[in-house]
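There are structures below to look over.
In the two complexes that follow, chain A is the common piece, with chain B as its partner first and chain C second.
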Partner chain A sequence: MVFSSLTFLFVFLPVVFAAYFLLPKSFRNYVLLAASVFFYAWGEPVYIILMVLSLLFNYFVGREMEEKDDNPAARKKCLLFALAVNLGLLAVFKYCTFLHLSLPIGISFYTFQALSYVIDLYIGKIRAQKSLTAFALYICMFPQLIAGPIVRYIDVEKQLKNRTVTLASFGSGVRLFLVGLGKKVLLANAVGAVFALITGRAASIATLTAWVGAIAYMLQIYFDFSGYSDMAIGLGRMFGFKFNTNFELPYTAVTITDFWHRWHISLSTWFREYVYIPLGGNRKGVPRQILNLLIVWGLTGIWHGAGLNFLFWGLYYAGFLILEKFVLARFLEKLPALLRHLYALLIVLVGWVFFFSESLSGAFTYLKSMFTVGASGFADALTGSSVFYHWLLWIAAVFACTTAARSLRKRLDKTRRRAWIVNILYLVLFFLCIASLITESYNPFLYFRF
Partner chain B sequence: MNNGSRFTTAKYIVTAILVVFVLVMAVSGRESTKSFSEIAQALEARTNSASLQTAASGDLKRLYGLDPADYEGVLLKTAVSGMSAEELLFITLKDKSQLPAVESAINQRLAERSSIFEGYAPEQARLVEDARIITRGRQVFLVISADADNLSRLFLSSL
Partner chain C sequence: MNKKYRGSFDRHLGILFTAVLAVFLIVNILVPDRENSFTENRVLAGLPKPSAYTLASGTFADDFETYLSDQFAGRDTFRNAISFVRWVGGNREEHGVYSAPGGQLLEALKEPSEEVLAANIAFLNDTAAARSGKRTTVLLVPDAGAVLGHYPAFAVNADQAALFEQVKEGLSEGIGWVDTAAALKDSGVKKLYYKTDHHWTTAAAQAAYDSYCAAVGLTPGEFDFYTVSRSFNGQLSSISGFCMLERETIEIATPAEEESVVLTYTDEKKKKATLYDREKLTSSDQYAVFLGGNSSIIDISTTAKTDRSLLLVKDSFANCFIPFLTGNYSRIVVVDPRYVTGSLNSVLERYPTDDLLFLYSGNTFFENSISGQ
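Our next item is the complex of A and B:
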């Protein structure tokens, strides 16, 4: 089941809300857990077994580790075994393509959540969760189960036991959910259609059309993924959870370092906390720091998939992050903000070509279309139609990436006088999304494939 | 038995079940719980459109440049009328490595169909532009139709 489906919006969600708020508070975790299992089983009736086994495994690991509190060697053995099983499962389903296993939805996300729990437990940052219900809810809570954000146990530990929902927090959750729904349904799907149209003719694309296609994907993946995150965080708020921000206007970044402080924050935080820092981070000299960055970004790349293009994509960013850190930082600081911004956007745009291409060679072929004039010339009929036919969409999409859009929304949300007008605006947004959904084709979220 | 060993035992039991689960999935081929013929039959039964006809055996080669013998199964339906862009293609790959070639052939076919119809039948060209391509594991599905949305859902539900 996806958030942007009529079944979710008009059947699943109302039933869950009714049960959650009408039953006594002590039932709330059970309601959310049952809803989450149903939500996952709707799309993955077989792989629900895998998820349940995974969460049971990590629950028992947690309890065992706590029981062996006074035995560091046993705890270490326990941690290593847990790492092997969790990463082994991920490897089998994600990277052993010769087995022809389809990818269980959300496995990368819930496995990383489980790992954060086990590692933090080993380090001693947290205590083991004794309630199986609370632990199961942490692993498979439906708002963030299948496409993040990756929630660390330490961040929701208290909320799993005790949380409150006020009318204001519920309302703010609804608004954020609607913003996310709008990003996905009205913007991501529309720019995605432009991207599909252009790449459907990948055999020969005019230079400018290739640029339009790459920009369309750049916008699609942002609205698709950040839209999902907004919906997840918004849903969390409606149930009393506070999840951390996952996107912070990434396309306003002025450097690549800045971009990665704003894009998929929960994933970069995870790699920083559980890979980069344990490897020594920047504490063991420059050569080691460079190696650590290469390892982390190589892993970030292949977290997205087994293809060489993903590995290259990760290392591509490692290269720029290393360059910025050791070479470009002083130079970039002297540049006007606009130039720095254009630099960051260009690097990110080229990065997305590696990301959306099916193979490394496909990526280079597409880049060749962007940077050289081929058989189709500099521009063709498709350039004009994809830009001018969708002019309103482009304006709306670019505006929605800016700080101006964020400020406007914040101002609207804070409006006390005539708040009803703001509510009507959100209602209009909702109806526009529904109208679009009714006529929409099958269109899952891009990040489901990870 | 103290608690420590109880949880250790439970952990190993769950690990064993996980291993069995993975093995069963790998052996049974999770992504193809249904065979090509089962999916094709479901599609045939529910796409009994008068405007589509099952293509001749050589048509996959002629239209897409693909050899049907290379794949586990192929279902190709083309428009009865030469004035229509309607088309449905369902292929079960033998191996996922065949996917890029099939996708490229589909894109090529769409580009050709689009350029053919662009001049004199813009509504048909639009259908080509709105074609749905769905890939699920080794199953590849293409549909060019005014009813593409429903046919796509039908395909997904038949998996």
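Our next item is the complex of A and C:
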């Protein structure tokens, strides 16, 4: 099931709310767990078996590791076994494309969550979870199950046992959820339809149209993914969980380093904590640091998919991060802010071309239509219609990427007088989302593929 | 910020949100499901029946979402609202329908593939050749956009006038051609096309009829116009969601001199004594008031004082044109090849009438192979 569906909003959610808040408090973890299993099984019941096996495995590995507390060799064996099994499953289902298995939804996310548990347990940062219910809930809690954020066990350990929801914290969760729903349904789906229209053209694309298409995708993936994260964090809050921010206005970045501090923060944190730092990070000299960065970003690339274009996309960013760290940083600092923004946005935009293309050669073909004038010329009717038939959408989307949107929202949220007007605005937003969900056939979800 | 105040602000939103979810859950359960959508002119999805297979494969989940969306309380209102918001936001094209100034909806003018164009011209010539000695006329009706012109900026359209010229040039010697575009332009008729439907109006059809009579040497009759509907919202609206609130009138033309007709719907094996189906005026497709909509073969006998007969091969644009012909022919056989099953040629051979008329709108003629091959 996805959040941006009528089934979720108007059948699943009210029933879960009723069960969660009307039954005694001691039932809450059971209710959430049952709801999560149903959420996952709806529309894709077969792979639920895989998820249950994975969580049972990690639970028992955790218990085993805790029991072998005084035997470092045995603990290490446990860890290696757990790494092998978790990464092995991921490899089989995600990267053995020749097996033609469909990708189990959320496997990249829940496997990484399980790994954070096992590794932190090995390091001794946390204690093993004794309650199978609590552990199962950590792995498959429906708000972040299928598209993150990747929640580290250490961050929610206490909340799995004890958490409080007040009507006010519930309401603040609603606010975040509605913002996320609006990003996904009103912005991402709409710019996504423009992108699909432009790339759906078999013949060559006019130069300016290719730019419009790439920018449409750039906006679509941001609103799609960050909208989903907002909804997840908001839902978590409605049930008493506090998840960390996953997106921090990434398109306001002034460097690529800055961009990756703002984009999919839970994934970059994971790779930093469990790959980069264990490999030695920047503590073993410059050549080793460069190698570590290449490894981390190569892995980040292929985390998104088995295609070579994803590997290239990851290494492309490694290249710019290394360049910025050792060469560009001092030049960039001297540039005016506007130029630094443009630099970062251009690198990111070209990066998305590699990301959305089906293959590397497809990416270069698309880049060629962006940077040269081909058979379709510099601009055509499609350029005009894709810009001017959606002018309000473009303005709204670009605005929503900026700090201005955030400060407006903060100001609105702080409005003391006539606060009810702001609440009405949130309801209007909700009704527009419902209207779009009812009428639009175009409602894909990009991060489902990862 | 006042924390206590902020808290009550969030509390209100929490309550409002939960209330909206609960209200729609209950209303959706209580409001009975609809079978058809009047405004969208289509069958709506019903509650799917679960089976082991559909549950396991996920099709049940998809069907259930479609069901919820089709049967959602206030669906039409939501649809109108979002379509209006999108229109305000600049949207001028939806599912191939353009929203032109003045609330005029226009289909794009389609560019034919070379094969389709060649096949359709060959079909006209071959059919005419098979009936040597009989008179054949071709009447292509330009689509609204080709006559009214004012598309929104950046619309992509074929040059339909040039395409018509190409068809005319491709016709064999002896086949008559009616210049409908000129007839419509010179007619002085104010409203040639509906705003929310792709069809031409009855008044426009009369202008083309006069032109046809002049071309084949018939005397055009006198007609009185009556309004039969003031609540017409056409298919372009249904398809696009634009102008859903626009209501138009439909007129019918009846001969000044009283006459009677008998219509035999050959394949459906039924007879009627009227050219109009008034029941259709309360359906979602009111244009079907003419002849009751499209049928494969309709054999019309009239009380006209002549023994001339006509074979009319056509699309739906002919439906409001046919009533003008009943005073000029004692028998009119109407064939719509899109609905004919089996061999079209054997159907056409079955009716060796005096005259043959092809009446098509530009888009139908250019978009498909009209012989169905």
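We take it that the second predicted complex is superposed on the first by the 447 of 450 C-alpha atoms of A that agree within 3 Å, B and C clash if a C-alpha of one lies under 4 Å from a C-alpha of the other, contacts with A are read in each partner's own complex, and residues count from 1 in each chain.
Here is the rule we use: a residue touches a chain if its C-beta (ideal position, glycine included) is under 8 Å from a C-beta of that chain, and two chains touch if they have at least 3 such contacts.
It should be emphasised that the depicted structure is a prediction, and the values quoted were computed from it without experimental measurement.
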Quiz item: Put the two structures on top of each other at chain A: do chain B and chain C fit, or clash?
Solution: clash
Practice problem: Scan A:Val46 for contacts with chain B and chain C and give back first, second, both or neither. | Solution: both
Quiz item: For A:Leu89, is the partner it touches chain B (first), chain C (second), both, or none of the two (neither)?
Solution: first
Practice problem: Quick one: classify A:Ser407 as touching chain B (first), chain C (second), both or neither. | Solution: neither
Quiz prompt | Touching partner for A:Thr372 - first (chain B), second (chain C), both, neither | solution = neither
Quiz prompt | Which of chain B and chain C A:Arg63 touches, first, second, both or neither | solution = first
Exercise. Check whether A:Glu358 is in contact with chain B, with chain C, with both or with neither, and answer first, second, both or neither.
Key: first
Quiz item: Is A:Ser131 in contact with chain B, with chain C, with both, or with neither (first, second, both, neither)?
Solution: neither
Practice problem: Return the chain, chain B or chain C, that is in touch with more residues of chain A. | Solution: C
Exercise. Please write out, lowest number first, the residues of chain A touched by both chain B and chain C across the two complexes.
Key: 46, 439
Practice problem: Please give the residue numbers of chain B that touch chain A in the complex, ascending. | Solution: 2-4, 7-8, 10-11, 14-15, 17-18, 21-22, 25-26, 29-33, 96, 99-100, 103-104, 107-108, 110-111, 114, 129, 131-132, 134, 136-138, 148-149, 152-153, 156
Exercise. In the complex, go through chain C and note every residue touching chain A.
Key: 1-2, 5-18, 20-22, 24-25, 28, 55-56, 58, 61-62, 64-65, 68-69, 72, 75, 78-79, 81-83, 85, 88-93, 153-156, 241
Quiz prompt | Contact set on chain A toward chain C in their complex | solution = 1, 5-7, 9-11, 13-14, 17, 42-46, 166-175, 178, 381-382, 384-385, 388-393, 413-414, 416, 419-420, 422-423, 426-427, 430-432, 434-439
Exercise. Provide the residue numbers of chain A that touch chain B in the complex, in ascending order.
Key: 46-47, 49-50, 53-54, 56-57, 60-61, 63-64, 67-68, 81, 85, 89, 92, 97, 99-102, 197, 199-204, 358-359, 362, 439-442
